[in-house]
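In the two complexes below, chain A is the common chain; its partner is chain B in one and chain C in the other.
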Partner chain A sequence: MVTTIRHYFSVAACFARLAVQRQLEYPLFLFSWLLMIPIQYFSGIWMLKIIVDRFQPLNGWDFPELAFLYGLGLLSHGMLVVFFINTWQIDNMVIQGTFDRLLLRPMSVFFQLVASYVNFIGLIDCIPGLIIFLYGCQLVGFEWTLGNIIKLLLVLIGGVLIRASLFISLGTIAFWTKRNASMVGFTLSMLERGTMYPLGIYPYVLQVIFTFIIPIGFISFYPAAEFLGKGSESFQLPLNFALATPAVGLACFMLSQWIFRRGMRSYESAGS
Partner chain B sequence: MEAVIEVHDLVKEYTIAKKGSGLRGALKGLLFPEKKTVRGVDGISFSIAPGEIVGYIGPNGAGKSTTIKMLTGILHPTSGSIKVCGISPQADRKSVVRKLGVVFGQRTQLYWDLRLGESFELLRRIYQVDKTSFEENMSILSDVLKLEEFIHTPVRQLSLGQRMRGDIAAAMLHSPSVLFLDEPTIGLDADAKHAIRHFIKEINRKRGVTVILTTHDLDDVEQLCTRLVVVNHGKVVEDGPMASLIRKLAPHRLLVVELQQPFDDLEHPAAEIIKQDGLKVWYQFEKSRISAAQLISELSQKLPIQDLSVKEPDIEDAIREVYKMT
Partner chain C sequence: MLQAYWYITKMRLLTNLAYRFEVFASVGTNLILMLASVFLWKAAYGGDTGQVQALTLQDLTSYTILSIMLASVFVCDVQDTIYYKIREGQIVTDFYRPIPLLACYLADDIGSMLSSMINKVIPLFVFAALLFGVPWPASPLGFLLFIPSCLLSYAILWLLSALVGLIAFWVMELGNMGMVKDSIVRVLSGSIVPLWFFPESIQTISKFLPFQYTYQTPLGIYIGNIGVREALTAMGIQLIWVVFLYLLLAAGWRRSKSKTLIQGG
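Up next, the complex of A and B:
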């Protein structure tokens, strides 16, 4: 057991080092990310501010609360982009045959899939998230107690797991269909919209879906509602939301692993 | 001796959707898909002993790659059993792949953006090869494959021949007992082909590595393989040592005679004239019916012969016969 863990750590460290080296091979590409990503997210928060200023609080959420909500969602998005970006391109790996290679190595296929590309450029995604979240914390007067910090970390981990599970399950579709790139784009925009606004603004059906079927409400909305002491108008779930997120995340993750393993069994590698 | 690879009645079926042509056909296929089951691999059985170099050959689409992918645990067979070193690659993939080296000639497992050596270090960790055996192994591989010339070059700048040598070294770092090579010489120049064939012979002789090779290059087959398994339409059509395969499939020899002057009565009862071009005559005859010496002496008694040569049938003729048969 210990040797297995050491083995996986040693490989993960090597993968990470190679990933950094590969990313540094293309400095201009890195620079363009540095420029585009912050623009994307800061314009997002700016839109929120305009909507709230011009019209009225969204479903009872004022701007500071919305900034907190948006920041929380962005943080888990940033972490996903750093650690799980390879789940977006399972279809490419299937088509180009790189997936075959993972199966030829004596390690967990899922581990290799995820660990083989730690996307350090994705840290840029985290910067706007962090700034917006801290700004939101400042505005709502978030209390940085030990309990809150632990809760926050658990929520972030849970949120990343929920997002990752979605992309893993979607990526598994590529084992059958060979193509799923458009699904990835669609899911990304669904996740962005589902996590930046309070769930209450959506029709009832969507609220049910985002809570029970594709539980993206647990990424930012439910935990933010609890942190901010806002009663959720949609569902009165008998759970402590902040703890529900990591639980939901773990459950989703395990489900996605099961789906992934099922998919691998009917994997039909492409070409010769 | 205990077999390294034991394949029994292997079948792999694919479901493919039959599509009509044009927009109408596409729409029809979408609404009422006509599904068809195709057997890519249709009941293949063979067993391979340690230390063999086996050529696994057949025309495109014969099921070669699919078989290799099942043997290496990438694909699950529809039915049939596979044992590699006594273990089923589908039941215990990790244990099996530890003992395998696999090279796909058309794809690389090396990191495109990085120096060749970096990929080796990653593989060293993946296969848990300790530093001393790694260094030892590296120096042996370097010797035969001449890696030191380009081990610090980014893979994207390597020539195809260098890249292939790098890929083969990468597959051998963990000292596998079985090496699968899927078209290892595709697109290479004569020098690179020679280097790779030499390497395959070396590891087979020195380390007793069992090699399974798919290729369309019959020189590979001729120079390397002790045994051929020929497949077509998903079935094994021939399996045996190369010499006997040629004897069986291409029993004809060719005698080419060049005459001093035109001559009328060229016929010989035991040989067939298959071509005539000016003063040159091609006789085809069967080894079992008449020896070359006898035919030559009989012909030279009546014909004014200037020059002659005997051509043995080669592997190419044999293979062409097999493909034609099925």
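Up next, the complex of A and C:
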């Protein structure tokens, strides 16, 4: 057992080193991401500030609270981009035939899929996330007690798992259809709008969907509502969010693993 | 001569119409953006029927819907085309063509625009009309002015895109500079939040930049926030930007040819 884990760790480390070296090959490429990602997200929060300043708090969320929510959502997005970005290109791997390579090695296929590309550039997504989140914490007067920090970590892990499960399940579609390419963009924008704005601004139907069917409300909205002591008007949750988000995350992740294994059974190589 | 361009446009149109799956996803993505923005405005007004900066919720709903439809029509692939052709070295065969290269790329993008109108804008319009009601223009005259203003907007966007593409002749590896430009345009053009809501100082600076004349001007004309006389002035400014950017591009293009370096081969 221990030797297996150690083996997996050394393989992951080796993959990570290769991935980082590959990404540092083109410095201007890195630089353009370094410009683009912060512009995108800082302007996003700035737009919210402009709207709140000119109008009124959105569904009872004022700017500090919105910044907290936005930052929390963005942080888990950033972590997803670092660790799970390979799930976005399962269809590509299927078509190119590179997925076959993973099947030939004596290791967990899912582990190889995820570990073979640690997206070092994704850390750039975490930077605006961290800045906006800390700024939001400052504005709302978040208390950095040990309990809160543990809760926060649990929520982040749960959030990343929920996001990852979505992309894994979507990617699995490629095993049957060989393509799902632009679904990634679609899901990304759904996640962005669903996690960075308060869920309460959407109609009731969408709130139900985002709570029970595609549970992205648990990524940031419900945790943020509880951290900030805002009663969400829509649903009363039976569990404390610090348990709910990781629990939902784990459940989704298990489900996505099951779907992934089912998909692999019907996988047939693209040939050529 | 024109026949050659029309052929390029037609081929692009037909190619794009052949990819259905991508279209579904693109319409879906834009629909989500549209829904999210409209509900955001609804929450901002909070059931209030009053006006903010002389705009009602209905105005902003139309503004948002039209803005997203315009964004799917305004295809400016030229920056990626130039970059890709230089990286792959194909630019050299393109230079053999007996017609101006940039005009070919424009014809290509116009083909994409036509296909987007058919398979992206129509479904988006239908969904928007079903969900939020038909976003009528403020007046027939407004609509008549909206069309030429859109054409000028597209000219500005396309020229900006081509200028970014030109950088690739110098640096070889352009990376995502095109996307950097796009995200600046998205904010400063007022395509998400109209600049009328921005702080005064930003509005003043923005008057001297080309961006607000790409989305805010035609959309403002459409919803009637820009009157007829102001609309004509704004279109005059659009035209000035088109001429200026065109001259810049022409100058850059002449110099870039001598800079062309073919990788490998």
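Rule of thumb we're sticking to: the second predicted complex is superposed on the first by the 272 of 272 C-alpha atoms of A that agree within 3 Å, B and C clash if a C-alpha of one lies under 4 Å from a C-alpha of the other, contacts with A are read in each partner's own complex, and residues count from 1 in each chain.
Keep this in mind: a residue touches a chain if its C-beta (ideal position, glycine included) is under 8 Å from a C-beta of that chain, and two chains touch if they have at least 3 such contacts.
Quantities reported herein were computed from a predicted structural model and do not represent experimental measurements.
Peer 1: Once chain A of both complexes is superposed, is A:269 in touch with chain B (first), chain C (second), both, or neither?
Peer 2: Only chain B is touched by A:269; chain C is not.
Peer 1: Output check: A:56 vs chain B and chain C. Expected answer is one of first, second, both, neither. What do you get?
Peer 2: Only chain C is touched by A:56; chain B is not.
Peer 1: Quick one: classify A:186 as touching chain B (first), chain C (second), both or neither.
Peer 2: A:186 contacts chain C only, not chain B.
Peer 1: Report the partner of chain A that touches more of its residues: chain B or chain C.
Peer 2: Touching more of chain A: C.
Peer 1: Is A:39 touching anything from chain B or chain C once the two structures are fitted on A? First, second, both or neither.
Peer 2: After superposing on A, A:39 lies in contact with chain C but is clear of chain B.
Peer 1: Check whether A:15 is in contact with chain B, with chain C, with both or with neither, and answer first, second, both or neither.
Peer 2: A:15 sits against chain B, while chain C stays out of touch.
Peer 1: Quick check for you: in the superposed arrangement, does A:106 touch first (chain B), second (chain C), both or neither?
Peer 2: first
Peer 1: Counting contacts the way the document defines them, which residues of chain A are shared by the two interfaces, the one with chain B and the one with chain C?
Peer 2: none
Peer 1: Can you tell me which positions in chain B touch chain A when the two form their complex?
Peer 2: Chain B reaches chain A through residues 14, 60, 65, 69, 72-76, 93-95, 97-98, 100, 102, 104, 106-107, 109, 111, 113-114, 118, 121-122, 125-128, 182.
Peer 1: For chain A, which residues are in contact with chain C within the complex?
Peer 2: The contact residues of chain A facing chain C are 26, 28-33, 35-36, 39-40, 43, 46-47, 50-52, 54-56, 58-59, 179, 181-183, 185-186, 189-190, 193, 197-198, 200-203.
Peer 1: Applying the document's contact rule, which stretches of chain A touch chain B when the two form their complex?
Peer 2: On the chain A side, the touching residues are 7, 10-11, 14-15, 18, 21-22, 25, 96-98, 100-101, 103-107, 265-269, 272.
Peer 1: Residue numbers of chain C touching chain A in their complex, please.
Peer 2: Answer in residue numbers: 21-22, 24-26, 28-29, 32-33, 35-36, 39-40, 42-46, 48, 52-53, 171, 173-177, 179-180, 183-184, 186-187, 192-193, 197-199.
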